[in-house]
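Heads up, the next two complexes both have subunit A, just with different partners, subunit B and then subunit C.
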Partner chain A sequence: MNKTKIHARSIIVMSILLLAMAFSPLVSSFPTGISGVKDSGCNCHGATTSESVIPTIEGLPEVYNYSETYELTVGFTGGPSTIGNINLGGFHLWASEGELASNDATVQRYNPSEVGHTEIGNDQTSWTLIWTAPASDKNIEFILHTNSVNGNAGGGAGSSGDEWNRLTAKVSAPIEVLEQANPYVVLSTLIVISAILLVITVTYIFYRTNPDSFNWKTFEPWICEWLTSTDHKKVGTLYFLAGLFFLGVGGIMALMIRIQLSVPGNDFLTQDQYNQFFTLHGTTMIFLAAMPLINGFANWMVPLQIGAPDLALPRINAMSFWLQPVGALLIFTGVFSGTGADTGWTGYAPYIVSETAHVGTTMWVAGQIMLVASSTLTGVNFLTTIAVMRAPGMGWMQMPLFTWSILVANLMLFLSIPAFGVGLVQVYLDRVIGTAFYDAGSGGDPLLWSHLFWYFGHPEVYVVIVPAFGVISEVIATSARRTVFGYRSMVYAMAGIGVVSFIVYGHHMFTSGMSPTLRFVTMLTTMLVAVPTGIKIFNWLKTMHRGSLVYRTHTLWALGFLVTFTLGGISGMFFPSMAMDLHFHESYFVVAHFHYVLVGGTVFGFFSAIYYWFPKMTGRMLDERLGVLHFLTAFISYNGVFWPMHRLGVWGMARRHHTYFISTEEAMGSLPAEAAGWNMFISVSAFLFFFSNFLLIANMIKSVIRGKKAPADPWGGWSFEWMTSSPPPTPSFGHFNHGEWIDLPTLKDSNEEHIGNDPSPLVKWFQSLMVLDDENEEVNN
Partner chain B sequence: MNNFHTASLEVGTLVESLLFYELWNEYISWSLLIGIFTFGWLFHHSFWYTSKEGEDWENPDKIEVGVFPRHNDDMTLEVAWTILPFILIIYLTYISWAPLDAVWTSENGGNHGFECTEGQSSNNQMDMNTGIITSDCYHVLEITGKQWVWSFECNPNDDRWTGDIIPDRGFELSTNLCDIGTISIEGYGMQPLLSLKAGETYLAVMQSEDVTHAPWVQILGVKEDVQPSHKTTLWLPMIEASESMILCTEYCGDAHSLMSAGLSVHN
Partner chain C sequence: MSGDYHGDDDHEHQSAWGPHDWSHGAPHNSWAPIIMSIGIGIFLYTVASAYSWGEMVDPSSIPLIFLGLTISFFGMIIWWRQDASFDGIYEPRATGTPFQNIQIRKVAMWMFLMSEMMVFTSLFSTYMRYRLGLTPCVEIYESGSWIVNSQTIDSGEAVNCFLPASELIASSWFHIAPGAINTFALIISSFTIVQALRWAKKPVGSVDEEVRRKRVYRYLGSTWILAIIFLTLKMVEWFVGFYIPEIGFLGLHEHDIVSLVNEGYTIHADHYHPHHGWEDTHLAELAAANPSEFEEYFANIASIEGGYVTTDAVMMADIRVSTSTFFVTTGTHGAHVFIGIIGLTYMTWKAWTGGYTPQNAVSIEYFGLYWHFVDLIWVLVFPFFYLY
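Up next, the complex of A and B:
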């Protein structure tokens, strides 16, 4: 068998395995196994249905009247039930809408949609009960199960010989209701369509590279190269594509959430579905969209900016990436069968270890553990690369600010993520082998999870915003044709944010009941975050002073970032003030704040990065007109989505609630009547924001196909990435010759005092810990 | 259920806490000031220092690819915008201090004194400048959270939670001071109702029977988690008559969004 065939078969087998992983929960993760209690609802006697039992339901109208009460008679004929038996039969009735109630002592109500017989009711073959129709238009389904009993239960033979059967009945609404789409089907269809589009795009790009050799023989090495590459640029592109794909998936889930919230009391999503959607929206956006987008640019640009041929540990780098799609599959496990994780991205204990949390939560935890491994390896890789592979002449204080931001972010991540990993392993053990780390009844402490999670979680939100600071520093300086103002204070401010991030996490737990002393201390430290972030904003503004600002799309996004990030920063200052936080906690004010920081900050920062570095990455210029249109539509609709949420939060709209009700003259709700209009406005804006981003996708595809060729330094930047060709060669800089890298670039410095080659004693000590003494190493090549 | 939010301070707002609005107004003023300063600066520089078509730009920082450009800094300015925000946050911390003490005041001789004796009234008073409420004494009640229902107890003395916060006080609160009933709320169905008296201050001692929950007493703008592992407390100083809702604001699973209760405060 030749190599091509082996590769083809491996890819097919892998695809089947991945599909099996994605869909296997459909048959295994119902809470009660494959048989499923929800279908039967009753304790049916016998394994299979019996045709001889004929269930009946009388009194149901074909079309119901609003809120009218109907007396129903359910029963059965046939089966082993004969008069004279000790027991005759039983039933269970489920109604999808309206309210069921018992009429007499032979029937009991389990909940508004389920009734069954009582012990006294065992001696009958028909029962009467009450059903109240809903006050609105619904298509209603009734499922009746009946047992025909031979009466030997008391005689020790249990239910042997008994038989059962099922009847389904439908009642229509006064005004015809269109069948509602199943949200899971909508979600999975959209994801599958996105994946197919991705495959078509990849195939088309391959086709464009050489239309004459569009066949499997040339495609196979091409795709295998992408799947197995350790080149930092290729891995960076993979990260970037994965990040964009999951940004879309997270966006689809956000749209479903917004459809649900567009009007009060909506039932597009059930509570159960909503809970899974916001859990996966948060997890996807933070871990599967923001982090990979950042890693994509870090992979691409850090080696280029420091003049290195590649990352220090290229194979570890490829492994870090490939852990992510596998982790993503685990995280999404169960969602299509309705048993995906439903814990919120914070996964608070003890809910996360309780039996009421979905079984998919276990897989969500397992997937997160893989992402922890991925991030830890990435941290090791970048810290090592930046510490030891800087080009000659480049001291710590001559590194481009984007590289500095990646250094600070990875240091934070590397120091904080082990706490999260430990917490996840504990939760995993609690869920699968019955340990009791978070079970209060057995002496476990649920607050421990909050501490471990937020010790990681708060630095994590800075991990995703600090790289955006790096991008903005590069873009503003280049666009204004100035050096960034206060390079050193920029570095110290980022390092300051890195340090402060570890001592503020308690502000997520102001209402948790943790020690008031700790809450007070974290209130003070949280206020401190404003100082380094303030320095950065003022420095960016001062950078533009006496500059010569060139308006490009990346400049617009950077200026847009300054607006939205400043607003997000200001709203963040409201939380440490305790008397306000007690109101804002878990409200839409929080939702508004963190979307201003994470979308208006991180996502806008990285949109700027796409427009800034895309020509370097692909060798093609992006279309500026489409870019400006993208900026204008996205910036306006984005503010339409998140700005009104501040007011909703103050009014009292709680986050993670699948619906809300407004106050009217007649009825009490938790929100004033205006809230309904604003929610609709937000939902419409959300659709506009989502679709405006397709302009970016269209722009990228158009540019790859027929964009103008990009020069080496299209914007006039100073750092090394602009020195090499667009796209850069592999290895990115220098040549490997006799065990040594030669022809690496050397950084010059236009400042008189060049401190690059004269590290301080502290730096020398730090380097001695990290750098192997090459001269004593035997070179194996 | 009419006139339940007529006492609101702001049209369309259900939150009645003056304490909240005093801080809110102060913070909004500073936010506006900072916003005007920052965005004014951004707006000015975005249009003033732009590149003109065909213009030869100066290169004061010697930007050249492969060369670290000349430093562009000014120590005085950088120190200024380190110190000034620092002073502002010290001020904001200072003004947040008394409200912090008010929402978390001690149950032993804090703003609300000690537990009331039989027949004693809290007689609470609000400082109209700060919104801080002080009382002669307070009444203790119990809130329990479990999936997905709130339950209230006006006379907690069961031995489930023996501890120092709920002593066996030897008398029962009158139904005028604290009463429990049910209320039908549209969309939420039949829910528990807690009836309290205006002018009285209550300390809710809370615990969960399963997972973490948090009652959001919307009209006061306060909440605190209810944990299965330990007791937590929440001050409920009732100033005037109102009808409002209590929601759950710590995610607790399936019916989290419908876990609610009514709060009725009468004169």
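Up next, the complex of A and C:
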């Protein structure tokens, strides 16, 4: 136990180090571009401020009048004067609101919020300029920098005769404006609070399992067990918790985006902050919420469904998981220090390798590299497990459909993600050591990034949807109390999606100027995706048609999935059509479409999976009444969020824009007046949707603490996972004796008539190609 | 660690950081994954805070880079400590078709190599995009199109073009020597690793155990040395260069073979001066066809001697894209060799202790698969980047 303590402590120290780095403002302290003077001061005039220079600003009112023009006089006194010399210098003024303008030739305007001296104005002690107050109520801040140069000391950069100082001044609005919280602070606080809540909940659950012996001595080995476990069930639970946590974090970001968009011309988020929020919302939801949720269930169910004792490489599996939270910390680093990635989850070049992109982008890329490594290891692990560790007698065509879906998803993932990884490494090197892969100035091709990204990115969206297909197949077959209709066609449909996914990515680049021939080809292949997807939908309908459906919560989610996913699929058919795509791309129609497939598809699918497999995972039943309430509130509010977005998209509301304007007249870029109402409706629905999911959380906590004990097979399922107890023992099947596994289940133990199928001719042929190991080794063993 | 699991052989090989992998059927705990992840995170973070756009911006992060590497390496040591005592009691085999009876980890290694293949495919795609998409520097130079007027030449404006490393490396036998020797080093090392496997696999009784121990660690050690030679020569070729002494009977003159970086072939080469015996036919043609125009524009920078133009004008090329693809692709391959060296270090040590027996010899085979893959990639990298 003593050693465990040391290990736990060293882990804690390392984690604190990493956390401290994540929160440190290190990466934000390299101001970029012209705004640098405002933040960092006139570094070229010496490293630090000097007390002897006293900047002054005159002509500022205490309270301004709307749109009134004020003449300001800025200047300074003091500085490195020696007797007989007059100090001269320059200035830089920044105003948070209103417009600054020059009055004469000694002042120049950089942009509406920044002015500075001109070359001829560089040898004065005071300057005059114009400031126009804004037309609305704002708290206004002025930041003035002046430097003072001793005429005889030579002046110039860093000379002792050159000093500078900073002055800030505040002007109030005619009507008092309350200080607004910084959205970064709101987000960081919420993330930290959620993390603390998660820890408290987990600790509480541990406490409730055995209230008498709750102390550090029993808690420590328990927590160390979770930190070091390589058991597929424990790692699966970790994935699951991480996925739910980040689903919440991504949801919080979505809410802040919706607050910003609820009314036209809102300024809750600045454009800069909005860019970071939608970037991190996308990244979090795809890589940190959807993928871990899928991996959580895959970890739990795949070995159980194929009758394997564990995954093929248990320690690699733990490695895949632990790369994720650390990668997540790097991704969020920028937000904690106020300079998160602002590139969109696609991180398009050349912006991502430009200095205008926030410095936090580098950390975002670094975090993504870790996630890519994690996904590669996961892919290797699952493909190996499914290929070689199926129970004796279980052929490819006897595998449960969820296992099939994980196989197809991981095959797609680990054949495509190296391209993304290489692209990320190239961007990382561009940003860190200065290579020029995407530097257009040196002949780099920004479109190359789009190719590498979307070669991965499009299979990736199928990677997150195909496992949901697997879940729905399981749930609908079990609920309809019959085998899934057209098992073989389901498998081929999934495999077909897997193959086609690699040749459709061009539709993300229709507007990049690609050749019309290729656009046409991509259009056809993309439309082809609808065929296997349609086969699956009809198979599910047909499964229910002759079955007798039992309406459990997981069944409801599966039915909800069928509706929303089909709608999302139909809106998806608008995009391969080039003429439509040119019109709809970059609009809210796209947002509506991919949220219909990703939330209505993946998230609903995995909500269904939670209700379906939670009893198996914890040995406790979930509350069905709370479950139905969750389904009703979430399903209705969900449609309230995303259905109106189609309309907004058709009206021309642009995605990735931090605000929008409405007008009754036909004006460029403005929306009809109803758009404001719809946006408010969407925002309200978004809040309802977010909070309705707390019903699920409450349900899970309640059930873990005092839920009804679950039987081995509560729903009447017949795949292998229902054969073990709930929760399953460790190892899940069989036991290990003298170097051999014994008592592993065989297919005969399961209900053969449900999944019984002969191996297909293709499988038999492939089998005949495989060479068995030589006899020699056997003898030696 | 947890105290819950006691496999058959747990007591013999207890490790402070958890029992080793696959020693028994029950799950087994390991601190290695979380420690390695934190180490990698610290490493990626600190590298990006220390350097920005190729310049060191925060020297205080440099020690932390090494801290991150140390932590990752520490995690790896833990990983291996759990494996070191593995003596082949349990090597899981496939149960399902069509891979029946194949070792599971062998399948996993093939799967891993599949994704590695995609890594290099992506790098080669990048290379092909730029190699085929950008105009070669030679072509631009010889067409003379880089000379717009004499003013451009004076201001030193750089031309975007592609300058393959082979332009420098394949320019002489000596320049190509490190790469050529490396090719043979890797191919021979693929042979020695198979020899190590062969000796480790010989059935018990057919060979003296001491002879087996010596053969295995010597063959693994030779592989290790060949890999070290590979990386050393690569460093010589990239950064150091070498010196050719005067050897009369071979007709060698005393001269330096300058490394790529010293030639100016670096990722920051936005004003590179290519000067490798290219002939400017354009100017010569111009001079022949229209002597008066030639006189007017170029007389102050070029003159005609014996049909060829000699010019003092310097073509400046921005070759950062070419250098980036070269260094990152060959560097990624080098990183794979480096990872192989780390693995070989451990394996040679384990062989030294007599750790390989016919039962667990197959782990040499797993490494061998990876090593052959690295070799195969080099066989592709060499012609693509060094010869043509």
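Methods note: the second predicted complex is superposed on the first by the 687 of 781 C-alpha atoms of A that agree within 3 Å, B and C clash if a C-alpha of one lies under 4 Å from a C-alpha of the other, contacts with A are read in each partner's own complex, and residues count from 1 in each chain.
One rule holds for everything that comes next: contacts are C-beta pairs under 8 Å (C-beta built on N, C-alpha and C of every residue); 3 or more make two chains touch, one makes a residue touch a chain.
Source: prediction; values computed, not measured.
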item	value
Clash or fit (per the criteria above) of subunit B with subunit C on subunit A	fit
Subunit B versus subunit C as contact partner of A:Asp713, first or second or both or neither	first
Touching partner for A:Asp445 - first (subunit B), second (subunit C), both, neither	both
Subunit B versus subunit C as contact partner of A:Ala698, first or second or both or neither	neither
Touching partner for A:Val199 - first (subunit B), second (subunit C), both, neither	neither
Partner chain in contact with A:Ser15 - subunit B first, subunit C second, else both or neither	second
Nearest Cα pair across subunit B and subunit C, whole Å	10
Set of subunit A residues, in rising order, touched by both subunit B and subunit C	394, 441, 444-445
Subunit A-touching residues of subunit C, taken from the complex the two chains share	1-3, 5, 7-8, 16-18, 21, 24-42, 44-49, 51-55, 57-58, 61, 64, 71, 79, 89-90, 92, 94-105, 107-108, 111-112, 114-116, 118-119, 121-123, 125-126, 129-130, 133-134, 160-162, 201, 203-204, 267-268, 270, 318, 320-321, 323-325, 327-328, 358-359
Touch list for subunit A against partner subunit B, complex	264-265, 271-272, 274-275, 342-344, 348-351, 354, 356-357, 394, 398, 440-441, 444-447, 480-489, 511-513, 516, 520, 523-524, 527-528, 530-531, 534-535, 537-539, 541-551, 559, 562-563, 566-567, 570-571, 573-574, 576-580, 582-583, 585-587, 650-652, 654, 656-661, 663, 665-674, 712-713, 716-720, 722-723, 745, 747-751, 756
Of subunit A, residues touching subunit C in the complex	3-4, 7, 10-11, 14-15, 17-18, 21-22, 26-27, 30, 221, 224-225, 227-232, 234, 306, 308-310, 312-316, 318-319, 321-323, 325-327, 329-330, 333, 355, 359, 362-363, 366-367, 369-370, 373, 376, 379-381, 383-384, 387-392, 394-396, 414-419, 421-423, 425-426, 428-437, 439, 441-445, 448, 451-452, 730-731, 734-739, 741, 744, 759, 763, 766-767, 769-770, 772-773, 776-777, 779-781
Contact footprint of subunit A on subunit B as seen in their complex	1-2, 4-5, 12-15, 17, 19-20, 23-24, 27, 31, 34-35, 38-39, 41-42, 45-46, 49-51, 55, 57-74, 77-78, 81-82, 85-86, 88-89, 92-93, 95-96, 99-100, 102-104, 147, 185-188, 210-212, 214, 216, 218, 221-225, 227-230, 232, 243-245, 247-258, 260, 262
